[in-house]
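Same chain, two partners: subunit A is paired with subunit B first, then with subunit C.
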Partner chain A sequence: MSQVVDAPVPVEVELRPAARLDMRRAVRLGLSGGVAMVLVCAIGMVAAFQPRMLIDPILPMGTFFLYLLPLIFGWTASQPPPTLEGFEPAKTGARNILAGALAGVLGGLCVGLLLIVITTWDLRGVFINLSPQLAEIISFGLPVAAAIPVIALVAGVVGALGGAIHLLSPRPRRATMSALAWVLVFSLFTDIFGQLFDALSLDFVIDFLYTGRGGALTIAGALVLFAVFFAFYWWLGGRESTLRQRVQAMPAGRRSRWQIGAAVIILVILYFVPRIMGPFVSQILVTAGIYLLMALGLNIVVGYAGLLDLGYVAFFAVGAYSTAILTSPQSPAFSPEISVLASIPFVMIAAAIAGILVATPVIRMRGDYLAIVTLGFGEIARILLNSEWLAPYFGGAQGITNIPDLQIGPITFSTPQDYFYPVFLFVVLAAYITYAVQNSRWGRAWMAMREDESVAEAMGINIVTAKLSAFVVGAILASFGGTLFASQIGSVFPHTFDIVVSITVLVIIIVGGMGSVPGVVLGAIVLIVLPNLLREFSEYQFLFYGVLLIVMMLKRPEGFIPSRRRAQELHAEELSQDAWLEIYGEKGLEEKVPEGTT
Partner chain B sequence: MTEAATVDARPARRATRITPVSIFLWALRIAALAIILYGSYLSISSGRLTASQWRDLFVFGISTGSVYALIALGYTMVYGVLRFINFAHGEVFMVGAMMAFYVANALAATTLWTSSPVISLLIVLVAAMATSTSVAVIVERIAYRPLRGAPRLIPLITSIGASFTIQYLVRGLVGPSTKAFPRVESLRGTTEIFGLVILKSQVVVIAAALVMMTGLYLFVEKTRTGKSMRAVAEDPETAALMGIDVDRTIVKVFAVGGAMAGVAGALWGLVFPSLNFFSGFLPGIKAFTAAVLGGIGNIVGAMLGGVSLGIFESVGPSLVLAGYEIPAFSQLKDVVAYAALVLVLIFRPTGILGERLAEERT
Partner chain C sequence: MALLEITGLSKAFGGLRAINGLDIYVDEGEVVSVIGPNGAGKTTFFNLVTGMETPDEGSIVFDGQELVGLRPNQILQLGMARTFQNVRLFPAMTVLENVMVGQHARTRAGLLGAIFKTPSQRREEREIEERSKEVLSFFGTRLAGYRHDQLSMVLSYANRRRLEIARAMATSPRLLLLDEPTAGMNPRETIELTELIGRLRSERAYTIVLIEHDMQVVRNVSDRVVVLDHGVKLTEGSYDEISTNENVIEAYLGRPAEMGA
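Right, the complex of A and B next:
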């Protein structure tokens, strides 16, 4: 609802005081945050994470995740209202801390209530995770009567800290938050850092930071890490803008030389990554690379062309199964047993045909119907691959096994470490295609179609070819992923090609930023690498994806690294006008400024 | 654009466009029709199933179809008002079914379950309705209300997120195991109605669904609230100008849709006594198909669509697939449902009765 706001406030008019922080909102947020805390306990996350220590004697992971929530909603509750034209910027002060503490205490009381419930009744017949063990964890081992004030106090203090973040000026705030984030990264991914320091033969660093290989951070280690990163970001905070200016001021030739240098360094590091990190991490990176390949493909279909494809996994399946049929001696009906490399052109043809077959019927279809139809196609493909009927061709539920390894010339790729390189190569190729196509005739046609199909058609864009080409390019990229997947795993089974794969790929591009290549890369790293590295987390992976989808759509629909055009589209100017009207519009400017913000 | 202009524009457009795409679509249409007709001919002429077996399949189709119809009401009402597919509605249904399972399980341990099954079933029904209604309203509040006026795909994506969130929350809360709904002793066996021998549980399902749907129809057509719902569906801005609180009406739409899904969840336990956290997905998709089949946005259409889809799904595999002597054709039951979904969306997106939303509202 965009409305034209007349009579902009003239410059010389005295600024009105900003609205004060709304305490009712803090109460609301505290209670909803409390419900979230109770749910986190009740789904078993806290108890599952508890055995893992983050910082050795004082901070187990379960407690950390539980009290991360009051930090977040304490921060949200004390967020100053946006500065509006004609008003002073909101002042921060004790009220922010108070709002955060209030929200935190309310959240803590909800957990206290849960504690009473668990200790009074045995509800494990229904809620399997409400165990005495959970009560032990959330009560800090105290008796119930003593535990409740302690929980409320801890949550209140954490909430107040969340509120206090707003009091810091930007430079120390950034330094603190970044340093805390790095401490968290060091404590969560101890295996990785263990491997890394081991490979660099820096054993004394491990001995100092961690309680042992794969163990938790020591208190001293955590403090030192915090100090180091704080100092670094403090230093960077003062210089970042000048650094950026210096890079911009460089002559073009020198800048490109610097860029090439940086690229070479990154390539060299990447060359050593699988060797240093070992098979476990390499396998995760290969998986992430395959997802990334699919995400780059879906990015073209959804991000550029605006066609929400929920059955994208079908193209992945086409790639995997055509490779399997062409290369495996176990392929039931037709088995030419060519090499994986030689199968790629045929896989591309198969994917292109599949893309056309899916796209043709849906050309004249509205966006949301298209999503459901493609979902139907994806599920039909999976059920047919699984069925007894087509088992003579696709092997049914037993799938196709014995797919050979990828061979390029004399080199055979067999271990996950080996596969890292071809996967990386394909990802670079896909990223290059994505960039190249972005400003081509096709890319511009897709984006025009995404904005408004009828207008695009009226401007002379052929909608039929535009849609078909988007689906075909997306399908081919996904089929590459399928080929790599099939030859790396060595077998294909229908149940792999589930709807959750499509949704995961969708989450990747949404979190990263639709239409933005760096965003998609970041999304794949965050959403595939992190949950796989944190083994405790994998059970809650899809819950996390679901919540992330909602939160991203509500708070940042353009993604973390948005493409410029997409962000403009989603955050038009009228949004800020709407916020302005919402807060001050109803009562009018003449009256006193109301307390409430929404 | 006036009515006359749209009417005039159409024949001209049809006449000028014989593109490869439309040829492809026609070929698809003819092929689908030929496959269905020839398969039915083969299987009827083979005489594999007797008339009474066909009738059983048909009645089973009606009873599952009436459950689909109840779920479809939620899709169709929300689509009518907000113009987006509430992907999480299948999960609203699943949550109701879960609640029904736990209440029924608790009641089955008491004497009430055998002594007065009607009262216990009513308790189960009310509990399931209450749960589903609250979940539907909470989802609306958190995930959809802040997105009014956003581009259409954004709430769709949020609803996919909500669907995943609910599924995995339920999985975390009650565990991933499959639950078995307790038997209702007095509903075992068959009964005879109008000379037809029908399973008693199916009679209950069909009757309950009929009662609920009639009630909903009267509610939407006769009451003030129903009138405001129809007004908001027709044109939310004008409705707001006429003094209707649009937000509250939308909440009511979600609540009513959720209640219907809750009833469906409780009835589901009588037809298919097994359920887990993923059980809402397929019925949700099928109910959406039913809603589109009947004409999305149209309440009577959702009922018709649900029942036709149920019959189609239950008779279809034996009728068409068995004709081609496909091994283990019951595995492909869901393919029939998905194929119905795809074909309906491609060839008749306005559905059987859905003339109202044929023109896209801007």
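Right, the complex of A and C next:
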């Protein structure tokens, strides 16, 4: 069928002017930022972080985190509204800086108020962190009357800088932000960079950048780092997307050769990671890897099959305890003392049975009910392991000790550095299983069940088998984590298998991106590696999780690296007619209504 | 012998007798329309036949096999597939995936096959994809090409209805149950769908039972029309017979005022 298609006629549409930056919003955000700053002080974070210097001697960590808030809120306050169809793109200018500064000053004044409160009344009976030391820190050592304008000024300047980010064009903006982020990384993780440069015998770099091993960045070091990374990102410009296009344009054979080459390089680097990083960092990586293994398993249960399992730690416990019983000479009732490697098939069987045991009673349950019941199962598992009644089998609160190290042929894995490799191997295996199953008959069946259980059943899917198999696959992956954990630590105790583990694993997949393997990996890095590397943070770990969860749910509910389908699902309505009406509702409609109709 | 033979079917929700002693048969190759005013029990009838609800009494025999007591997936396995009045696709799955799910009951690969990528699993996976594309091609350009990879939630309303039919077709049924396939469609789309139902019979040899409110569609596609009202069969017959039947007109338009309620 041939049809004459008219050439599209360019239509000159007069664009409406974009909405101006809303100053009331800046006031609101400034006050919220102020509340956040006061909270950060009141929970003792500022005082706890203060002894650590980020850049010596001008930037202690406490002050940095306190004034990070006006930067973020100033940036948010001056964010131009989204460009909508039929409207001009929003212009940026002095108004952005003003909005940022306004938000910052308001935040600073809140802190000033806090300073007056601390110095006037002694509230330490209730708020133990509102101490004179805190007053000293937030007042920069100045008397109160002089300190308040200074705080407001500093916060205002920081807020204005946050607003000014919007004025930069993309290339310098990206270079600046990336360079600042790298300076921050270098100042926060001094240990790691110390180890790294040490291993590469680049001692003079440490001497130049830092005040000593594990010390703070020097001013000169910070400036040089900023300059180097700024130059690098400036040069990079848009080159990496051109490179990506070039790789995609390659013929399949050459591309796969490139991919194999890249994979080999990554493997070689990974091989050296534990050797260079030493036991402390390797232990963190091993812990993160075990969490990642569980997260990949739970991702199948929750992300694919849509079965919200809040008692996932039970399967981790099954893996750890069955390894302990099978391998340890200390196992109270039954101790065949086989090797850890030989125990793996039995652990898988135990995990599969546990998966079926948990899944059977919840076959006809959905959503919230399923979550509550599995939550109960998780707790039951821990209480049973801890009970006197079963102590003759599981050792009760004393647990089971003397679990041997993993041994494969002549190689014995004992240090955290050694365990990095088997953990990595199991993570790769779990990721492979996730990918392989995703586009298979049962993967589709799980997704269909998640979308609409009764329709899935009416379309020929056996719901019983689908649920059982999802639980079993998830249970087996978690049990691998348990086996590795038990043999690395060498002992298992009931209190390890707390509900907190289930929640952490769930948060990893929610924050990372449900249903997406790269997302889950990033989630594990952000939630396990970072808080453990920053020892100052460990006390505030759960606060950090909570804040992260709230921010993610509000701003990016699909997670850091979402699967394609979840991103589409959650943003299908964005910038549609509804959003248009919501933002420009009354004004837009008023103009449209012909005169005399009201 | 009839392909589907229903006798004495009853279902009550609390005090409401949604279906009350219903006898219906459907012969192989027939297109039967089920009509009736709102609340007559038409969708409940579909739910009972497909096993999504359990009848209180009565028997449903499909191809010599009693269906009462079977799960919906077992009933589908025997060769019966349905669509829904309020379209119920798998929204966050692509068009192609929706149809591929339809073949779940007709394929066998297990999880281990997927993990080890066995040759038989890969062959089956290829076949599922080819068959799904073939089924989608039945709808011409409507669900072709780039649409395969779109999430079903972004489809237009009429396309969602088409996709639901495609998903049902992918289950290789003998009997198709279509619940108001033209609801919410514009007149042109309705005409197109009427033709499509004709083609479902002529090209694919499905036996079809459909619930429909649009009398034009009912007249154009059905061999036989069954009229339900308050859960009982009012009458049945050809379109011409029932369109002149006084009871039917009464059920749809209400009794004349002087006769009282």
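The rule we apply is simple: the second predicted complex is superposed on the first by the 569 of 598 C-alpha atoms of A that agree within 3 Å, B and C clash if a C-alpha of one lies under 4 Å from a C-alpha of the other, contacts with A are read in each partner's own complex, and residues count from 1 in each chain.
Note that a residue touches a chain if its C-beta (ideal position, glycine included) is under 8 Å from a C-beta of that chain, and two chains touch if they have at least 3 such contacts.
Everything quoted here is computed from the prediction, not taken from an experiment.
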According to the contact criterion defined above, which of subunit B and subunit C contacts more residues of subunit A?
B
With both complexes superposed on chain A, which partner does A:M348 reach: first (subunit B), second (subunit C), both or neither?
neither
So, A:A436: does it touch subunit B (first), subunit C (second), both, or neither?
second
First, second, both or neither for A:E388, with subunit B first and subunit C second:
first
Which of subunit B and subunit C A:G460 touches, first, second, both or neither:
second
According to the stated criteria, A:E451 is in contact with first (subunit B), second (subunit C), both, or neither; which is it?
second
Contacts for A:V505 in the overlay, against subunit B (first) and subunit C (second): which applies, first, second, both or neither?
neither
Per the definitions at the top, what is the overlap between the subunit A residues touching subunit B and those touching subunit C?
none
In the complex, subunit C touches subunit A at residues 50-52, 71-73, 76-77, 81-82, 84, 88-94, 97, 100-102, 104-107, 109-111, 113-115, 117, 121, 124-125, 128, 151, 153-154, 167-168, 171
Quick one: which bits of subunit A touch subunit C in the complex? Just the residue numbers, please.
433, 436-437, 439-445, 447-448, 451-452, 454-463, 469, 473, 565-566, 568-569, 572
Please name which positions on subunit B make contact with subunit A in the complex.
19, 21, 24-25, 28, 84-85, 102, 142-143, 146-147, 149-158, 160-169, 171-175, 281, 285, 288, 292, 326-329, 331-332, 334-335, 338-339, 341-342, 345-346, 349, 360
For subunit A, which residues are in contact with subunit B within the complex?
1, 39, 42-45, 126-129, 306, 308, 310, 360-369, 371-373, 375-377, 379-380, 383-384, 386-389, 464, 499, 503, 506, 510, 540, 542-543, 545-550, 553-554, 557, 570
